[in-house]
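Below: the structure, in structure tokens.
Labels A, B and C are assigned to the chains in the order they are written; within every chain, residues are numbered from 1.
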Amino acid sequence: MRPLTLRRVLWTCALLAGVLFAVCVAALKLGAVPISVSDLIVSLARVAIGRSDQLPLDYRLIVFDLRLPRIVLGALVGAALSVAGAGYQALLRNPLADPYVLGVSSGSALGAVLALQFAPQIAFATPLGAFVGAILTITGVYYLGRREGQLDSTTLLLAGIISASFLSAIIMFLMTTLASRDLRGMAFWLMGDLSTPLAPNLRWFFLVALVVGIGAIYTTSADLNLLVTGEREAMHLGVDVTRVKLVVYVAASGLTALAVSASGAIGYVGLLVPHAMRFLFGSDYRLLIPASALGGAIAVVLADTLARTIIAPTELPVGAMTAIAGAPLFIFLLRRSMR
Amino acid sequence: MSAAGTSATGSHEAHSRLADTPRLAVEQASYAYSPTRRQIPTFTLGATSFQARQRELVAILGPNASGKSTLLQLIAGSLAPLSGRVLLDGIEIGSLDARTRAQRIAVVQQHAPLVFPAIAGEFVLQGRHPYGRALHLANEEDVTLAQNALAQVGAEHLADRRMDQLSGGEKQRIILARALAQQPLLLLLDEPTLHLDIGAQVELLERLRRLAEENRYTVIVVTHELALAAEFADQVVLLHRGKCLRVGTPAAVYQRELLEQVFEAPLEIEAGPAGRPRVSLRSRQADIARPDSADNRTRG
Amino acid sequence: MQVTDDLGRTIEVPQPVRRIVSLAPNLTETVFALEAGDRVVGDTSADDFPAAAKSLPHVGDVLAPSLEEIVALHPDLVLATNDLNRRATVEALARMGFAVYVTHPQSIDDVLNSTAQIARLIGAGPRGDAVIAGMRERLDALAKRLSGVPPRRVLFVVWTEPLMSVGKHTFLADALSRAGAQSVVDIADGWPQVSFEYVLKLQPEYLVFAGSLRDANAPPEEQLSKLPGWRDLDAVRDGKIAVVSSAIDRPTPRMVDAIEELARLLHPEVFAPGAAAGGGAALIAPETSTEACLACAR
């Protein structure tokens, strides 16, 4: 018997953080305009010591205004989606749950469409509209998903799926009747798009909200291990099931809302990264949560780098890349786990 | 009526056992259940009382839908009684917080298949959850206790196996081990013999008896298996359609007419070794051959 | 130089403008028409006119150009249009300090004005004035010819399945009206999807297609008769289908050619002598663009 130790958690996180670092360096280096690693180091060093004006304008713009914000956003969004997915999988006791199954992304997309239609000039109207749409959906689905006063997994799942369908139908209706060309950008957003960095004043909010959300779920990770074996069983082992379900629901939905508002609905990450991490490191949520966060960051940065470079100079939306890579990976994991 | 039976309200025998205060006392506990708030409660458990001591194995016996699981949930503290109370070592179970309750009461239920892969050893370690804090990471003591629990169910060799690769009986031993790891005072099992063959059923009940004896548990088993209850229980609580009909030793409770009425099957009760009744199906052929038997008179 | 673009954005354009990146085919064409094509350092993969535009370095497609490539070209001025490019692209470039001029032509006059603006920006003022004067002259002459002639009721078909036409406040609608046509679709903006029954009820006199929609091998009325319901349109039965160069849809100086051609097709009687024959066959305008040339094949 090898119980989980804090050491193992920390070492695994260190390993994944190392991989993430390497992936980020590669992402900074690769792109339509190639930059050598030495140039990269020099650029980073110059900025670090405050002599950014000595950099050729190209490098400064490409590395710091284009690539770096994209990589950071991708990492944060990947972490948020993967932890949300892992959380939902425990809450719904369903391995097929992903962050969008409860309708958050559909509500968010509707908010974004309405914002694009009615306030296209305001820069942050889209992420704000998306976030508001997400929050409203989360609240609505919560009230629909209750049974006898507390969240019930089956009822919640049904409520979420129905809400998602309904909201998607509204979006489709709007997209055909509102023949505005500004909605062209929606297609990108719906597939996931990291090319629009967060407004500077939103960046800190995003980071803090992310840490709070992941932290909140992490505090319930021991309870989640029990919850996935059954609600009654967890209750008999002393878990406050009602509270844990609420915390996970709010935190996971909030993380999804954050991610979708910033970058649209990047698919497959929230579903597959937790499974891949389970495959590599086991199902214990005390390790799975941080592993999923780091694994998700790696996955999205990797996917985005590929999306940017595979058919350069055209940029694919990152969601297209995760879909292309996601399906075969899913099949592989499925077959391996069946053995 | 046998002298060993106890009535529902307590008796002289209970008072005379001062040195042996009952670990579990169920006093007139009842429950009503309604599917929605507006409907009239449909399912009830009428006021039920019994007591159980350390090292005792109690069978809650009855056919399907007789309220057995409800009574078990009342004892486990996951339901609050509508009236009456349930006391563990003199303290009302409802007044305990969830953590303390989990340290004193362990429940083994019908288990749904696990959605995510789990290792048996880690599963048993989950039984230590009520004793941990924050991330509930297992310390040495936890690991030792979990290993002991596995040993007590004869499953140490399964510690590193995946749960979905175990047989039904092996899985159940792991689940039982998790309950043992909680180091409870009270061990509750809800129809543990349902999917087991007769050999496994007997093995389980013998193990439960042994555990009750060695670890001074009070074991409560919900079952509808007449023969097993007769053979292994110290006390039987007989339920029928939400009403507690009889509480007592198997010999006291197993009266043929009573049991036939409750289980709606023709039965034959005989005295067995060690004062335990032996139950068997009465053959219909024999009935036809004896036209003036007591049964025919009852059925008329 | 400080200017305000069609979206009301005030931008600072460094002078002189030596390096231009164009993110839309019509803007590339316009710059070449202003005889400043040698200063275009990058365009999109969709740019096809003039031929030189095809061999310029491409920064990607219209919707998703590579911002890195644009940056690496160090443009002094980036040209974009609200009709094709994404606002996100424009804002990203502006955030990095590039001067991005965005056009948003909703009428022919808008096209002329933004052409003049761009000409001023890149220091091609005299040439710009000349081009615009020429366009105005021809348009005025056309208007004179068509004065007093009732406009033809037409349906401009952007796409057949689903049926999409053009809304009122677009430069294309304006182009149609200057060609002596009036769009039967009375919906306000953009590219509305209209139901076929609506069109059937209105029975436009002519159907107008832009060149890119036709199949080089089959004449339009044959293609259309294969689509369900179109046979019942008077315009299809009478062969009153006008196919013009797709330049009518591109806000460039070539637009005027296309408008004149359409006017000729719709009002042949006004352009006698030497007008193209009307009647039973579909009327195809001689192509002046390098696109798929149906008339040439015939």
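Everything below uses one rule, namely that contacts are C-beta pairs under 8 Å (C-beta built on N, C-alpha and C of every residue); 3 or more make two chains touch, one makes a residue touch a chain.
Being a predicted model, the structure only gives us computed values, none of them experimental.
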Return the chains shared as contacts by chain A and chain B, ordered by label.
none
Chain located farthest away, centre of chain C as origin (C-alpha):
B
Would you kindly tell me how far, in whole Å, the mean C-alpha position of chain B lies from that of chain A?
46
Cα centre of chain B to Cα centre of chain C, whole Å, reads 83
CA centroids of chain A and chain C: separation to the nearest Å works out as 41
Two or more other chains touching the same residue: where does that happen in chain A?
none
The residues of chain A that touch chain B in their complex are 1-6, 89, 93-95, 219, 221-222, 225-226, 228-230, 232-233, 235-240, 278, 282-284, 286, 337
Which stretch or stretches of chain B touch chain A in the complex?
76, 78, 98-99, 101-103, 105-107, 109, 111-112, 114-119, 121-123, 125-127, 129-130, 132, 134-138, 142-143, 146-147, 159-160, 182
Which of the residues in chain C come into contact with chain A in the complex?
7, 45, 58-61, 63-69, 71-72, 74, 82-83, 86-88, 91-92, 95-97, 167, 187, 189-193
Quick one: which bits of chain A touch chain C in the complex? Just the residue numbers, please.
31-33, 57-58, 61-62, 65-67, 120-121, 123, 176, 179-182, 184-185, 188, 193, 195-197, 308, 312-317
